[in-house]
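Below, chain A partners chain B and then partners chain C, in two separate complexes.
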Partner chain A sequence: MNQLFSLIWFTLKEVAFQRIYKILLFSLIIIPWLLLIPTSLFMLDMGKVFMDMLFTALHAWLTAYLFFLAVPLLVRDVEQGICSIFLTLPMSRGLYLWGRFIGVISSIVPLLLCYIISAVAAFFWAESSWPNYVLPDSGLSFCYGSMLILMPYLALAAVLFLIAAGASGSAEITLFLFSVWLICWALPPVLDALQNIEVAESTPAWTGMLLYGINQLLPDLSSSQISLSLAHQLPLHPTSVFAYCIQHVTYAVLALIAASMVFKRRDLS
Partner chain B sequence: MPCLLLLLLRWSSNGVTLADMIIRLALIAALIAAIGWGRSNTPPRQEFLPLTTSQWSENHALWHRAWAGPVPAFAADMAVLNIFNIYAQATATPAENREPWWSALKYQLRLGQDMDPYFRDIYRLTEGLLAYEAQDMQEAINILSLSEPYLNSSDPLLVAAFIAHQELKNDVLAIPLAIKAADKPDASPLAVGFASSLIKGQSGCRAALAFLNSRLGSVPEKYQQGIVRRIRKLQEGEECREEIQGLL
Partner chain C sequence: MPAVLTVTNLSKQYNHNLVVDNISYSLHSGEAVGLLGANGAGKSTMIKCILGLVHPSHGSTSHPDSSPSYLPELPQLPTSLSALALLRFKCSALGLNPALAEKSLMEVNLSTDSHKQPISQYSKGMRQRAALAMTLCGNPKLVCLDEPMSGLDALGRVEVLSLLKEKKEQGAAFLMSSHIVSDMVQLCDRVLIMAHGKICEDVLIQDHSLEEAKALESKLAQWTIK
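Then we have the complex of A and B:
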């Protein structure tokens, strides 16, 4: 267990000491305040618009974190053989993957905290500046929404580890992760739209079946209803929130177990 | 640009002659001048046509939802910003050439409503720009009436009813919209009064009084006084008294 904590701590420091991480941290403090500028252009639902922009920025930087910080970390491990240093401790391959995964996820926490604190402060300012156009407790709704939006990225990070466990290097990892991210981004809203009779009639039945099958295999990145409801302060049913969290956490665990199995069979020589 | 110039100067000052440096400076000055010329001679945006002038359809909605992914509300915000731009371009264009801009405006309003049906700015822009600037009353009524399942506010439906009554002179369309507006949880006395006056014009005083009495129980207490006053006013009115007495 000590080895696991040491690896988590090492990963945290390895990620946090990179210049891009510090730049990202600094940017996340400023971004909420910059987003107030376009928000001021709107008329009635300014609090909602501000929250939409914050949620979009959250999606953007979480994706950027995975592609520009987590992917290079795993690429170094695979291509430069850094993982062999840990594995000769001795440490099991499964433990190594879990340590790296928890480390990568833990490194998001300081970024998310800075982003949330800065955004909540910006919400306080917005509430006092535009009292009739920003709903009270919007900051609280944003905190809640941020935690929920993080969940699909846990699953996506686990998919990244699954890809990295079997991939030969940087190009493969980036390409496959990008493909998975793209499908996860675009597929759930398309499946929702296919429920519409007019769209369903103009689409071949096998297309719907194929899309549904792909969607079952990949994590559901869509949190559109959650962000829409929270931005308008509409109630979220606790059961559906619980199911949403369970879905992503279990997906992440399953993907990481699969990653461990693939990584154990991998020839690292 | 000055930073780039300094960087180039510093880089070029390592072991080069004065003549070389002058040539390089001249080259840099020529490049900067070319950029400036290019920028000043690029046609302004007003001269372009809008990107989308096609009709909104469910297939378009499908693609936009796929593009927006988990942030459809942000796509609605972008549609509103596009509407501001389209309106600015339209007003800068001669009146006879504005049709493509109004088509684009309609498309963006449909897009915004589809992406975030709770977004009040979309309905406000529909009534302000689509109905009274683009003069597309029917489409404005269609978009405003889409607010019914999503908003507690009676405003969009009331405006839709008003446009149908005032601009299209179509009370058959206006009355159901006005009744729906009066049915909203926060329906104001204005919405209830407008609906009752439409019903009175179409079906007479008894129907209007029946409607007002039916509203009494369903509107918040603070709004009931206005309805009671309107019932009394109708009952005391010459026209209504005659109609009710005639029926008796």
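Then we have the complex of A and C:
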């Protein structure tokens, strides 16, 4: 356990001391305030538009974090052999992957906190400046939504570790992660639409089951239903939220177990 | 004296290319064994098999008392952190006294000012010293060194050799791969000449002299040409 905590703490420091991390941190503080400028153009729907924009920015920076901080970290570890520092401590390959993964995810927390605090402050300011156009408690809904939107990225990060466990270099890791990311954005909304009751009525039952199965293969990154519901202050059922969280956590755990199995068999030259 | 490392019939094959071919030897406490060979002779692959970074195709390695510490040929370190942070991590992960981190950096003569600087600001020689400090921190019983003198100037090589000799006298066993025969002769008790994945000759070092180094170089040339 001591090794795991040491590696998590080390990874957190390694990521946080990078210049790009500090730039990202600074930009996340000012982004919500900058987003108020385009938001003010949509006077009647200000609260909803602002929340939509904040969620879009959240997706953008989480994607940027994975591609520009997590991918280079794993590329350095595997391609340049930095992982030998950890593995020759000695440390098992499984523990190394879990430690690095939790470290990478933990490094998101300070960024997310800064973003949430800045966004909530911007919401309060907007509420006091334009009380008729911003619904009360929008800030709280945004906090809740941010936590939920983080979940699929947890799964995507685990997929990144699975890719890195078997891939040979940066080009391969980036290309495969980009492909997964693209599919996760594009495919689930289409599959959801195909499972619509009206469509389901006109197609055989097995098609629906097949589509549902395919839908579970990759995490749904767009989280479109959550963003929509929170922006429009529609109720989110606790059971569906719980299922959504469990689905992504299970996905991440399974991907990491697969990554450990692949990584254990690999020669690190 | 019990062996700290035993290599038994070790082979490694990549596709149809036999990189390490049926190698066996043992290494005892306080002993230093050198691996000498041309590029591609299989030295680094064998070291990686011992460390568990590469899975052997046949045979086994065992190090019952302790896990080997490793200095890679081109040590890559996380550049956003300082050498001190790196060594503190090792101490924390192994449950060692954190004060050992600073002590190890002092041992390799890495200036105190640089301890807290990010590694990205280090010169090549400083990185090599930091990596060596990381390897020797905690007084490991078995140390695998792959080209430990690369990137060091003449004075640095003398300092590092003296440190390695001191550790050897304290009981550490060394498996060292190097192209600098004179350095190897000064530290090692035995030198294994490797060519085409095999140990061609096991040479006992008698008086650690320059003449011995020259003789070893000519033997290496002879085996490499064959």
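Quick note on the criterion: the second predicted complex is superposed on the first by the 247 of 269 C-alpha atoms of A that agree within 3 Å, B and C clash if a C-alpha of one lies under 4 Å from a C-alpha of the other, contacts with A are read in each partner's own complex, and residues count from 1 in each chain.
The rule is short, and it goes like this: contacts are C-beta pairs under 8 Å (C-beta built on N, C-alpha and C of every residue); 3 or more make two chains touch, one makes a residue touch a chain.
Computed from a prediction, not measured in an experiment: that's the story for all the values here.
Chemist: Given the touch rule stated above, what does A:Glu127 touch, chain B (first), chain C (second), both, or neither?
Modeler: After superposing on A, A:Glu127 lies clear of both chain B and chain C.
Chemist: Under the stated touch criterion, which partner chain does A:Phe10 make contact with: chain B (first), chain C (second), both, or neither?
Modeler: In the superposed model, A:Phe10 contacts chain C only, not chain B.
Chemist: Where does A:Gln18 make contact in the superposed view: on chain B (first), on chain C (second), on both, or on neither?
Modeler: Touch partner of A:Gln18: chain C, not chain B.
Chemist: Given the touch rule stated above, what does A:Leu268 touch, chain B (first), chain C (second), both, or neither?
Modeler: second
Chemist: Residues of chain A touched by chain B versus by chain C: which partner has the larger set?
Modeler: B
Chemist: Please work out whether A:Leu41 is in contact with chain B alone, chain C alone, both, or neither, and reply first, second, both or neither.
Modeler: first
Chemist: Mind working out whether A:Ser84 is in touch with chain B, chain C, both or neither, as first, second, both or neither?
Modeler: A:Ser84 contacts chain C only, not chain B.
Chemist: Which residues of chain C touch chain A in their complex?
Modeler: 45, 48, 51-55, 67-70, 72, 74, 76-78, 80-81, 85-86, 89-90, 92-95, 118, 134
Chemist: With touch defined as at the start, can you tell me which chain A residues reach chain C in the complex?
Modeler: Of all residues in chain A, those touching chain C are 2-3, 6-7, 9-10, 13-15, 17-18, 76, 80-82, 84-85, 87-91, 265, 267-269.
Chemist: Can you name the residues of chain A that touch chain B in the complex?
Modeler: 38, 41-45, 48-49, 52-53, 55-56, 59, 149, 152, 185-190, 192-194, 196, 198-199, 202, 221-224, 227-228, 231-232, 234
Chemist: Chain A touches which residues of chain B in the complex?
Modeler: That would be residues 58-59, 61-62, 65-74, 76-77, 80-81, 84, 116, 118-121, 124-125 of chain B.
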